[in-house]
Structures are given as C-alpha cells and as structure tokens.
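Quick one: the structure is below, and I'll ask about it shortly.
Letters A, B, C and D mark the chains in the order given here, with residues in each chain numbered from 1 onward.
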Amino acid sequence: MINLRFFARLREELQTGSETMEYSSETQTVEAVVAQLKSRGGSWSDLFGDGQTVLVAVNQEMCDRDSSISDGDEVAFFPPVTGG
Amino acid sequence: MINLRFFARLREELQTGSETMEYSSETQTVEAVVAQLKSRGGSWSDLFGDGQTVLVAVNQEMCDRDSSISDGDEVAFFPPVTGG
Amino acid sequence: MNQIKVQTEPFDMAAIQEALRRSSAGIGAVVTFVGQMRDINEGDAVTTMTLEHYPGMTEKALQAIVDEADDRWDLMGIHVVHRVGPLQPLDPIVLVAVASAHRGEAFQACEFVIDYLKTRAPFWKKEQTPEGERWVDARHSDDQAESRWKK
Amino acid sequence: MNQIKVQTEPFDMAAIQEALRRSSAGIGAVVTFVGQMRDINEGDAVTTMTLEHYPGMTEKALQAIVDEADDRWDLMGIHVVHRVGPLQPLDPIVLVAVASAHRGEAFQACEFVIDYLKTRAPFWKKEQTPEGERWVDARHSDDQAESRWKK
C-alpha cells in the first residue's frame, strides 16, 4: 500500500486530499504512479497532463519523477509553492 | 575666521575639541590648514604627519585635501569612522 | 539555538528577536526579514488570504534550509516562524531572524533562508479578492532568487 | 516616510519596526538590521563602550545615505536609529529598518545603508577593557563592504 496526498489547487480540483493505492509493479516509481493517476481521465488527466507543473514529495522530501517508491511510502503531489 | 573641530582620538591627543583660526591666504584649502597645524610640532605634527589617516569635513560634508575653504567655514578633522 | 515554528496564531516579532539577540554577548548583528500580507497583488485588491501547508513536511523542509544556512555561514542562531490559515492585510506571514558575530554573514544567511523557503517549503497561498478566490501563482523571480545560491 | 535619530537613550526596536511595517498595506517586506555591542573585540574582553559623534554632521551624513538608498531602490520607508554615549554588552547600537513591496530591494537597501553608515557617518567607538581604554580601529572589511556598492 502507498499513501497518496494532494495539496492546494490539486486537492481542490481532484476533490480529495488523500487516498491509498495498492503497491504493485505499477507503482514502483513516481512516474508509474503519475501514469496511473493520469489514466483516470477528467481532472486527473488534466492536472497530471503535459505542461502541468506538479511537484512530488516522497516521504516528505522533494523528489524527481524517476524516484523509486517503496511499499508504505507517502507520495504527495502539489503545485509550485507560494509561501513566505 | 574659520572654525576648526577635532574629534575622537584627535580631540583627545590634541587636548582640544575646537579652535578658531584667522582666515588668510594660508587657510584657503584644507591642505594649507593641515600644513599650518602640522607646523606646530609635538602631537600636531605626529597626528597630521605622513602615514596618518585623518578625514576632513568642511561644513559637515566629507572633503578632500584639495578642497577650498571660505571665510566662516567649519573644518573638522577626525580618524576613520567606526560606528554602526 | 535555532528555532522553527509553523503556527495559526500571530507571532510576537519583538519577543523572538529579543530572545535571539540576547542569547549571546558574542552576537554583533541580527538581521530580520518579515514578510507581510499586502492588500494588493497582481493589480487586484486582496481582502483575505489563506495559507495551506503540508504538516510534517513543512517543518522538515524548513529544518533542511536552516541546517544548510548553518553549514554555509558562521551563525549564532536562526529563528523561522511561518503562519498558516486565514490572514488579513498587514498581518505578518513569515519571520526569519539570523544572528551572527558580523553583519555580512547574517545578511546573506537571512536572505538565503527566505529565498529557499519561497521555493522549497510546502506552503500555498489562496487569495480572496472582490472577483472571487484564486490560488497565487509561483513567481519566476523567486526561482531566480533561489538559483543565485546554487553552488 | 523615512526617519533618522541619533540618541543617548535606548531605542524601542519593536515600536520602530511596528510603526514602519504598519505604515502601508502595500508593504510586503521589512528587513531590519540591528548591530549590538559584543563583549569581546580583537580577542579582548570589553566591559563598556563609549560612542562619540559629530552632532549636526551625523544627521546630515545619515540623511544623505538614506536619500541615496531611496534613489537606488523602490522603497516604502527607511528608519535609522543610532545610539551615542556609554553602552554595555548586549546593548543595541544601531537599527536600520527598510520597508518595500518586495524583499529583494529591502535586503539590498538595508545592507547598503549599514555599509555606508560604517564608513561615512561620523561615529567613533572607544572601548573600555580590563587593560584600559582604546579607540576602535576602522576595519578594512568595512571599506570592502562599502566599495561593493560603488557604481
């Protein structure tokens, strides 16, 4: 199982802040998880589609799309940050 | 008449904070005034001698040695500043 | 010592700076940055702002930035406080205070921390304007400010 | 608005910063530098310090520095306060607070003002140490800091 989290504009447009996803051969990299989310269609394919800047953190550390994911990881998606 | 002022280490070592000096053909530039002060000997020649950094302000604005002086001006001498 | 706080309630800028500067008589310089909410952004009036964050990651990200500042400069204390939740114009949003023996390092480290915070700490601003709500877009100038510090 | 003060009595850092940052809801950034007295200098313990200045010229010199900062950057207020007379370790000596819409300008202007103050404003420090009194020497590093801003 991996724990997905969504923040800010993503959380609002996807209408969910979190979900769990089965850990499988299809979820072993950030890129693979993104591909699954995109395949859901609707807002999912819009928000994770080409030209969208979505940042990713694995276990609360910023990661790249090719970062690997382990069973039990927390994988968060969010827009570029705007604090400060 | 010009008004001379001395600050910090200069004031202490010269044992005076101010004096007046006759305005004459010998006091029309900072350099000329410095030459007069230096000619007094003792601490005066030490403090205004070669190798000493003495800053000058004419009418409360930083000036160079070749700045001209008018009758009634306030001419101040002091070491490099160390505030802040 | 360093201190990092993320909180809903207002913070006491004076108390934070006072505690930091009094923490050692070897401190010669304290540089403080305060970012506050403006009543206008991108030309529009903004009446309220809501700051969302990623609890847990926020603190870790701030800690990593503060640790890196400590590595790069010779400092005597860094305090970072960032508010979340609803804010009004003139409300302070963030404070970064850095103490050092000499001013050059305090200035550099303070600007470094806020520049990195702006691009690396998971906070998001949503503005309420007379025309409705909107998420604030990331600024290209913040990316440029961050990239100055890349070694 | 800008404010310049030279005074013997302690100053209220919190009140100054609060007045400055509340002066406009268009202010997004306030950068504050506080220089305070260290209990050690050049390796020696310092118990007291006395700050002499050149009344009249001091205010003019500070005004010229503040005016130049205003010319160079887009600012929304500069407050400078400098103490003179006797000081103890941990006493704040000088405060420079700069407000602006955006942080980059506030940081630069604040550092510019203190760098120029350190080389152009007529203040002199005399330290009392266990070995006796001594005038503080000007630092080469302050000349270098100033020269960075030459156009």
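Definition applied: a contact is a pair of C-beta atoms (placed from the backbone, for glycine too) under 8 Å apart; a residue touches a chain by one contact, two chains touch by 3 or more.
Treat the numbers as computed from the prediction; the structure is a model and nothing was measured.
Trainee: Along touching chains only, what is the step distance from chain A to chain D?
Mentor: 2
Trainee: Cα centroid separation between chain A and chain B, in whole Å?
Mentor: So the centre of chain A lies 72 Å away from the centre of chain B.
Trainee: From the C-alpha centre of chain A to that of chain C, how far is it in Å?
Mentor: 26
Trainee: Counting in whole Å, what is the centre-to-centre distance of chain B and chain C, each centre being its mean C-alpha position?
Mentor: About 48 Å separates the centre of chain B from that of chain C.
Trainee: Two or more other chains in contact with one residue: find those residues in chain C.
Mentor: Correct list: 35, 114.
Trainee: For chain B, which residues are shared contacts with two or more other chains?
Mentor: Residues: none.
Trainee: Where do chains touch, given as pairs?
Mentor: A-C, B-D, C-D
Trainee: Taking the touch rule as given, give the residues of chain D at its contact with chain C in the complex, in rising order.
Mentor: 13-14, 17-18, 21-22, 25-40, 89-90, 92, 101-104, 106-107, 110-111, 114, 141, 145
Trainee: Using the touch rule from the top, collect the residues of chain B that touch chain D in their complex.
Mentor: Interface residues on the chain B side: 5, 7-9, 11, 53, 57, 60-62, 76, 78-84.
Trainee: Hey, which residues of chain D end up touching chain B in the complex?
Mentor: Of all residues in chain D, those touching chain B are 35, 51-54, 56-57, 60-61, 82, 93-94, 114, 117-126, 135-139.
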